[in-house]
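First subunit A sits with subunit B, and in the next complex the same chain sits with subunit C.
== the complex of A and B ==
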């Protein structure tokens, strides 16, 4: 364990716990409207203040952590699955399979990803499931390239020849031997990918086409914060900090893992 | 050289075709018809009228025919007319591109001017206090959400301190200004957006520059340069920097889609009439022709950026023979 990894893992675990234990941590019902306490600053009753409907910001942020992390994790799960599948097919079979898949990767990489995401989200109606799907479907190219490159070199190694010699099927070789051995660099990419997915989700929610209110997400709280800019600094400061620290945590963890892999 | 560029251009054709297919598929696989926007909320429009509109835009033909038609017109740069205001798509995009490209170009220049020196000095004092401080800065740069940074800067610099304008690219009284005042006015409007869009990229470039420089400084030719008694400055700036700078060209090319994509966020926050904002508005209005136009042109700009990067790499690196 190096220092980057420890700090990163600490942040990741902390926010993970907040998300899982949200109902026990939140001091109020995140949806409870209180028109007598609209936009009150941080106080003993509302430690991070209230929003423009008098809802408790702290509780909304705690529940927002669930959404942000869920979207990040599942989106990256989808992108890793697609990337690993296509990357290993391309790397293992080579020839025209490789040519077509890698050409497809090149084409996908040409699009400004955020444009593509925005177009699909707005056409499909913004729902949490759609957001996870579309982030996953537009961000698998890096993983595919990594896996392919690893498998290209792994498949010429002796233990793979040995597997073939004893008559192991292609599927067995790919799933039992090649992918597990190719996963190390992908792990770094996945960790960094979670950070990126959280950023994309919050950007979308901020633009009003991500997670829809009243469901709280850090991005849409910040979007409300923009509307009351100047009148309620807490609405802008805290959700932004939460996104920033979480993304920082996953980035540090990813870099920490990378450093560790480089050394070993 | 010309032959190389020509071959590369030929190689772009299949990519371009793929781009158009994906764009077309994305728009047409989505539920909801483009005619909905013009007719759905209008009770006076009958089914028959709806079909007439669909026919007008060719939406009643089979998909592959629609694609072929669209591709034919695309080759003449004819993206059709906007559903929203019936103006030609290419014209709408054309007036927005210079703004977005201008801001991105300015931020790339800013990134290079600041990022390269940061990377070089971190690498030279590898592991020192400055290097560690800059590593922290780089992580902050990677993690800070652009829209949050924009809001904070808007609130502090624009609203609280009143130093800079926070929306649009020119003042209301712009037309009455002299030329010099006009330039100053636009520049003042662009300081915050350019700063924000440069901040994220800065982290990437300085980190990349640092690792290149660390790598180069360990090469034999650097030891040779030192051994023959060259001053440290000459070693770093003449021998090491040049070699470490080369791959940065490629990275700049690769960062084009990110920069263009990011323009959606800061252009909508700062109300800048660029391509990102146009795209956002078109997406909200389901203005299919404009969405397709911007997607394709955005992807083409990326291709162009990569091509430029490769060509200039080949031009500056004497080891690459064309």
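== the complex of A and C ==
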């Protein structure tokens, strides 16, 4: 067992729990404005200090974990769904289906994803749902390629021929036999994808076009922190650390899974 | 005659004494680097409506008249003027030997051209309102012109503070779409040199300026679209002159470094911040709803929380110092109970107990839009959002980049409510903002306010020169607007400029600090940018 992978899994589980149990962990109402205590440093009352409206930073971070992780998970869910669907169609049917889908993948890969996202957000409104959708539909290409490659080799195996011989439909073969067997590398890609999605959400919120106030997300807390950089170090340090550690956690976990797959 | 000589003599002695006392003579040279988050939209002065464009145009161009440091009108391109007894005509006597930056001579023809452009319906200027009252425009000779009004028009004189444009360069041009917008030629103390989009503008001092050569040789306007980055630049002395945020003023500029290297100023700004309702929206048409929101928002909390006390509550569209301001209008106290009662009276009730009021099956929910880059506005909205939630109103916030904000949302009326600020001119005439005829696309009454009495008073207020009479009209307008709440009036923020301490000669007057900019100077030994 890889030690780094355990650390990664630990971090992922820890932040997952924080997000789920946010209402119990938070010491204050994350929206409670207190203008008598604007930008006070870490103290007993506010263990991570307060923000520019006197709100408790710790509580906002805890609730921010919900948003950041939720965006990560759902965005990756969307991208995995699209990727698996298109990838398996391309891999299984081959020929012109494959050609068209893979050319489409190539086209999508031509765009720098982040600028594509910026362009789409300029057209739509920035909201949590839109952010998740946009990240999802702009990041499925890797999964599609992986699934396709796996299926290309799997479909030549004997058990698939056997299945076909007994008259199983294409849908059954794809969903029951090919996709489950092709999932391992996809799992790695999904884990790494969550880390990437969390970063993208943070970047967008940091730029002010992601999750809108007053909903806290790590990215927009960080963005507020930048505005008060000289006066309140805690406003940038803690959300920055949270993003860093979470992304690190998912990356370690993903790498760990990959290594185990390679070995087996 | 002797008396005259005597005064000249005393003046000379006094001046000499001053010079000896203060130990300086004007030092030319150096550059001032000002930093701002906004980029000018256009440098055609009659089209410029944002503060960045205004700042540059103010240095490159002149009007016929201007305000001095005590807010009195004084001559600029006009040497003097006469207003006829009936108030119907103004005769301006222009300065002679004023030259445009390209060497052409400035004459009354240029003023005429500027006037014709202002009233040309094809030119998209927001300032036409003041000039539509002109009936006759007569160029008597190159240096004399006579303006005749249809009826007495009190803001008339100050409206000629409008920057004058060169006829010889623009006569053949389409003003809406001319290269001049990025390469202006004026008569002002600074000449335009260059403009790198998204980076900076550079102006050079006009050695032949009619009020004397400005002391500072170069004016560099850097565009840094983020308050935090701007502050870091200030700290590394990459910029000399910025407007601080209240937080920066109170908490980040107290150190030894700032006290030694910078001078801070604080004075009331000429503007106020408000939330405007879209009055075409049925839920905001109910006066009780607007009053309820006024009761539910604690203005003092916003001033203390967002401005850190560096500002005052606004009760109407006039500056608290102005004679037009009605001191009888008292701000209502924060009173959520009263707000709830008013909403109930208006038929808004929380029937499904989710904390949000409903009426006829619709939830009381609306979106407030504001522009990006202004942290104070976002914070104000977050505080208001919280307070309105307490009385059962769901407020959503949308922050939009400035140019899309104006062209897509304000001009096209696509908003429920908007958080914005107005900069105010010295004359209290606000016909363009409140008159019911000014609700068209691109015009300033974008909330769609219409009140016959206000319309009448606005016209009355601009029709007489008698200040007491005008004050009566404006006091009544102030009362009505506070009662009717077409805007939720929030606060008048203080202006908080900070300037590098090597600049001397800065004088704070009622009009702020910009009035004697051409006299600001840096002693030779302290000059930083020398070439």
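The rule we apply is simple: the second predicted complex is superposed on the first by the 263 of 264 C-alpha atoms of A that agree within 3 Å, B and C clash if a C-alpha of one lies under 4 Å from a C-alpha of the other, contacts with A are read in each partner's own complex, and residues count from 1 in each chain.
Heads up, the rule we're going with is that a contact is a pair of C-beta atoms (placed from the backbone, for glycine too) under 8 Å apart; a residue touches a chain by one contact, two chains touch by 3 or more.
As the structure is a computational prediction, the values presented were derived from the model and not from experiment.
A.B. asks: Return first, second, both or neither, reflecting whether A:52 touches subunit B, subunit C, both chains, or no partner chain.
C.D. replies: second
A.B. asks: May I ask you to decide whether A:116 touches subunit B, subunit C, both, or neither, giving the answer as first, second, both or neither?
C.D. replies: In the superposed model, A:116 contacts subunit B only, not subunit C.
A.B. asks: Tell me which partner A:202 touches in the superposition: subunit B (first), subunit C (second), both or neither.
C.D. replies: After superposing on A, A:202 lies in contact with subunit B but is clear of subunit C.
A.B. asks: For A:39, select first, second, both or neither according to whether it touches subunit B, subunit C, the two together, or no partner.
C.D. replies: Second partner only, subunit C.
A.B. asks: After lining up the shared chain so the two structures overlap, which partner does A:17 touch, if you call subunit B first and subunit C second: first, second, both or neither?
C.D. replies: Neither: A:17 stays clear of subunit B and subunit C.
A.B. asks: Quick check on the superposed pair: does A:230 touch subunit B, subunit C, both, or neither? Answer first, second, both or neither.
C.D. replies: both
A.B. asks: In this superposed model, does subunit C or subunit B come into contact with more residues of subunit A?
C.D. replies: Ranking subunit B and subunit C by residues of subunit A touched puts B first.
A.B. asks: Taking the superposition as given, does A:214 touch the first partner, subunit B, the second, subunit C, both, or neither?
C.D. replies: Touch status of A:214: second partner only.
A.B. asks: Intersection of subunit A residues contacting subunit B with those contacting subunit C?
C.D. replies: Residues common to the subunit A contacts of subunit C and of subunit B are 226, 229-230, listed in rising order.
A.B. asks: Which residues, counting only subunit B, touch subunit A once they are in their complex?
C.D. replies: Contacts found on subunit B: 14-15, 18-19, 22, 26-27, 30-32, 139-140, 142-148, 151-152, 154-155, 159-160, 257-258, 260-262, 264-265, 268-269, 279-280, 283-284, 286, 291, 294-295, 298-299, 302-303.
A.B. asks: Where on subunit C does subunit A make contact in their complex?
C.D. replies: Residues 226-228, 231-232, 235, 245, 247-248, 251-252, 301, 304-305, 308, 372, 375, 378-379, 381-383, 385-386, 396-399.
A.B. asks: So in the complex, which bits of subunit A are touching subunit B?
C.D. replies: It is residues 103-104, 106-116, 118-120, 122-124, 195, 199, 202-203, 206-207, 209, 222, 225-226, 229-230, 233, 236, 240, 243-245, 247-248, 251-252, 255 of subunit A that touch subunit B.
A.B. asks: For the complex, give me every residue of subunit A touching subunit C.
C.D. replies: 31, 33, 35, 38-39, 52-54, 125-126, 208, 212-214, 224, 226-231
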